[in-house]
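Shared between the two complexes below is subunit A, which has subunit B as its partner in the first and subunit C in the second.
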Partner chain A sequence: MAKSVLVVGGGPAGLAAARTLGKLGIPTILVEKEQKLGGRPVLEDYHTLIPRKMTPQQVIGPFIEEVQNSPNVDVKLGVELEACEGEAPNFKVKLSNGEEHEVGAIVVATGFQHFDAKRKGELGYGIYPDVITNLELEQMFSREGKLYRPSNGQMPKRVAFVFCVGSRDRQLGVTNVHCCRYGCALSGLQGSEIREKYPDVDVFCYYMDVRTYGTWEYPFYWAPQEKYGVRYVRGRIAEITYSPTDGRLRVKHEDTIVQRPAEIPMDLVVLVLGMEPSEGTKKVAKILGLAQDPDSQFLLPAEDAGSNIISNKAGVFIAGACKGPIDIESSLSEGEAAGAEAATFIGAKVSA
Partner chain B sequence: MAIHERSLVDPERVLRKDRLVIDGVDVSGDWNLIILPRVVNDYDLEFYDEVIAQPEGKTIVNCYQCSYCTASCPVHNYWDERYNPRHFIYLARLGLIDELQKRADVMWRCVSCHKCTHRCPKGVLVEEVLKAILRVMAKRGIIEEYPSKKFDKFFLDSVYEYGRIEDGELLFGWIEKQGYQVVKDPILKKPIPFIGGVPEWLKELAAKPLKNMNIGFLILNAKHMLFHPRTKNWNKFKQVLRKVMEEEGVYTH
Partner chain C sequence: MEGHPYGYNIPISEKTKEVPWEEKVRVYEEVKSDFRFKEFLFGCLNCGVCTASCPSNRFFDYSPREIVQRFLEEDVEVIYDMMHEYIWACSQCFTCWIRCPFVNNPGGLVIIMREVAVRNAFEATKDLLKPYGRVLLKVMTTGNQLSADMLQPDFFPDWGPKMQDNMENIRAKRMAIPFDVGKSVKTAWEVSLETAIEMYTIWRETGIFEMLEKLDPNLYNVIMDIVEENEERWEELMEEEEEE
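Up next, the complex of A and B:
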């Protein structure tokens, strides 16, 4: 019986799984498609992670370091899973670099990708330079450390957040009807950061409903309003246009509380992007025969398992954003759980 | 050009000109009539800043539009649906002035039952916030000074001066502030009951409790009205009150 574990994906969940396996002394192979560990938050330079308001370096940095220094974890960058034969606990896996390995269990942590805002043409992304995504706003903070309008480099007087772009939207097909979970909270945080640093900038959040669930309610919904003066307007933005007379954008919507149409001038519009399963997630699901949600294509846990890291296939565990939108701390803890679960699956025991 | 279903269009949004020239082009005839759109073009964010600057207005930032206040409000429930505290807060926050103005005739109708304030899950002092909104509206000249404010001032003056209120005096004071003629005796300048321009219904209303009142209590009331006692050591309290009122920016004497 093979005594090693394959972890697919070097993002938060995959790193957490590999770290746990490494600490338990189990030979682990970690394959990552990109040339760098850390997943979306590190690769795309997120500025602050919800809900702890820490930087990716603070959160994921220690995991990367521990995994890289672990004698038990073999990190393979630029490598993908190509094929898998056999059943648990004797999987024969083939990697894209030509290597073949025998593993006893597999942890899938292949993650998500951001929605492509160009698909919502009426919102003007890619047409008007001052319409940006919340990812680009994060990068504006983390890479350049300042807020500006891409069209002229000046400070905006007004910033609008457009919620649910690529989420809860049947117009895009059945693939994007789910809630992205993080968008409301991240917008509250980004709005607060803007207001804190630039108190003269007015920030508006256009929402249908605000889903800062659980303990996120105060820090990401109440505090932005009570402490930082972020304004919430109920109404989904239906169209973004540009007025050449004043060089500002117009956000067109119905204010559903006032029940009147509105076209309000804005200087910078931030689209709050939804989450989709990554290409890697879809590919790995085919290779391993994992159950997928028929609509969103995210991976589904086994129907008879209460825990959501147990897949429909024995010996394969799923963790993080490959199962659907998730925040950073849940992603890490799911990775840790999947790592421990994989360890027990291959029969590892703590010797006295 | 005729408008079909004209009744559906607000009259103030219909512009009609016999002759109309736009950019030098004569568009009289078919184009002599324009319906202005219902679209909101901008917010007046300064309005909100002014509300927050009022001492009573600060808690407006807490509102999350659950409408606990409006559901509890007797004015909304029994009088006029346009009286909606939750909605007033929303309009004030975005500075939708024309929408506020549409409701100016009902906005001062608060009966100060304070159910809204006691029940608000976010700690908004709803009744106070509405007073702040009304004050900013009055300052901008988009609402008349609300009549109940006259009584508020009379009440406050009375407490400020004597440390207490006198029921009889308050009643006559209210009658006088409503604009009714009250006849006063020439020496003490106190109102003489039931003569002058006071309407019959008001006389009846005032006489009702008198009929059933204990004679000793009645005399005590009359005595207090004439010689207005003060709360013990009131002058000391008054100084403290003045200081607090000055600090909070409310009006002082």
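Up next, the complex of A and C:
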């Protein structure tokens, strides 16, 4: 029986799984297709993570360090899973660098990709430079440390957040009908950051409903409004246009609470992107024969398992955003759980 | 307070109030029983994308979101009242439908409501159709009421200032189009006898003639004169063909 574990994906969930396995003394192979560990938050320079308001370095940095320093974890960068033969606990896996290994269990943590905002043509992304994504706003903060309008480099007077872009939307077909889970909270945080640093900038959040679920309600819904003066307007943005007379954008919506149609001038519009399964997630699902949601293509847990990290295939555990939108701290927890499950699955004896 | 506490702010008309409740329920059920109804109405989050996208909403007291909501609330009286004036402000562009994140079709619901209103010969539909007598006459007898040379830029200021330039030498420009696009009233209204007969068959089988008879008996008589004349010509032609 093979006594090692393969972890596919070096983002938060994969790192957490590999770290737990390493600490338990189990030989672990971690494959990551990019040249760097950390996943989206690190690769794409997120600025501040919800809900703890820490940087990716603070949250994910220690995981990367421990995994890289673990004598039990073999990190393979620029490498993907290509094929898998056999059943648990004797999987024969083939990697893109030509290596073949025998592993007793597999943790899949292949993550998500951002929605391509160009698919919602009426929102003008890619047409008007001042329509940006919330990812680009994060990078404005983290890479340039300042807020500006891409069209002229000047400070915006009015900023709008457009919720649910590529989420909860049947117009895109069946693939993007789910909620992104993080968007409301991140927008509350980004809006607060803008208001704190630039008190003269007006920030508006256009929403259908605000899903700052659980304990996120206060820090990411009430605090932005009451402490930082972010304004919430109920109405989904129908269309974004540009007015050459004043060089500003127009966001068009119905204020569904006071019931009036409106077209409001804005200097910067931030699209809050939904999440889709990554190409890697779809690829690994095929290689390993994992169940996928027929609509979104996210991975599905086994039908008879109460825990959502148990896949439909014995010996394969799924963690993080490959199963649907999730926040980073939950991704880490799931990775840790999947690592521990994989360890018990191969019957590893953990020394005292 | 008159009207409703929110949304549909128009007071329910006295006429609607006088109509017995059972009659309003009957009309509501007629709308709901249309085979398209369940393809046009799903859940609604009141996000307002439909109303924000609606061109009629900019100019009239009309909101597609209101249509969807009233059906989801099964507000029988408001729906009955809407069918007399409110829904006729819809321009049937279906932007509401192509934008709705939950693929509701308010414009489609309006189609059904209008058809039911016409089938039931609501007084309001008679008034609304009055200015369209000539249009109906042409559409029902020839299948087409509009031709390119009927369009004059002065009629449509909303087409913008460029339209005047485009209209220069318009006859020559139209003649340059290498196929027949109904360039003038004459060609646009020309229809082969066979096509006309097929069209009349459709009107008859789908109950359109019946509908018209209820709505505007005078117009119905004028149209039927033309229809019957054409049908007689067609029958003669058929008989001649058989003899040969």
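To be clear about the criterion, the second predicted complex is superposed on the first by the 350 of 352 C-alpha atoms of A that agree within 3 Å, B and C clash if a C-alpha of one lies under 4 Å from a C-alpha of the other, contacts with A are read in each partner's own complex, and residues count from 1 in each chain.
In this section, a contact is a pair of C-beta atoms (placed from the backbone, for glycine too) under 8 Å apart; a residue touches a chain by one contact, two chains touch by 3 or more.
All figures in this text were calculated on a predicted structure; none of them were measured in a lab.
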Practice item. Could you tell me whether subunit B and subunit C fit or clash when both sit on subunit A in the superposition? Key: fit
Review point. Is A:G173 in contact with subunit B, with subunit C, with both, or with neither (first, second, both, neither)?
Key: neither
Point to revise | Which of subunit B and subunit C A:P199 touches, first, second, both or neither | key: neither
Exercise for review: Return first, second, both or neither, reflecting whether A:G121 touches subunit B, subunit C, both chains, or no partner chain.
Suggested key: neither
Practice item. Applying the touch criterion given at the start, work out whether A:P261 contacts subunit B, subunit C, both or neither, answering first, second, both or neither. Key: both
Exercise for review: From the overlay on chain A, compute the angle at subunit A's CA centre subtended by subunit B and subunit C, rounding to the nearest 10 degrees.
Suggested key: 60
Practice item. Pick one for A:G235: touches subunit B only (first), subunit C only (second), both, or neither. Key: second
Practice item. Figure out whether A:E226 sits in contact with subunit B (first) or subunit C (second), or with both, or with neither. Key: first
Exercise for review: Aligned on chain A, what is the least Cα gap between subunit B and subunit C? Give it in whole Å.
Suggested key: 5
Exercise for review: Could you give the residue numbers on subunit A that contact subunit B in one complex and subunit C in the other?
Suggested key: 234, 255, 261-262
**Study point:** Contacting residues of subunit A [partner subunit B, same complex]
**Key:** 202, 221-222, 225-226, 229, 231-234, 255, 257-258, 260-265
Check your understanding: Once bound in the complex, which stretches of subunit A touch subunit C?
Key -> 122, 164, 168-171, 208-209, 234-239, 252-256, 259, 261-262
Review point. Where on subunit B is subunit A touching in the complex?
Key: 37-43, 45, 61-62, 64-65, 87, 90-91, 93-94, 96, 99, 122
Exercise for review: Report the residues of subunit C in contact with subunit A in the complex, numbered from low to high.
Suggested key: 6-7, 45-54, 57-58, 63, 65, 98-103
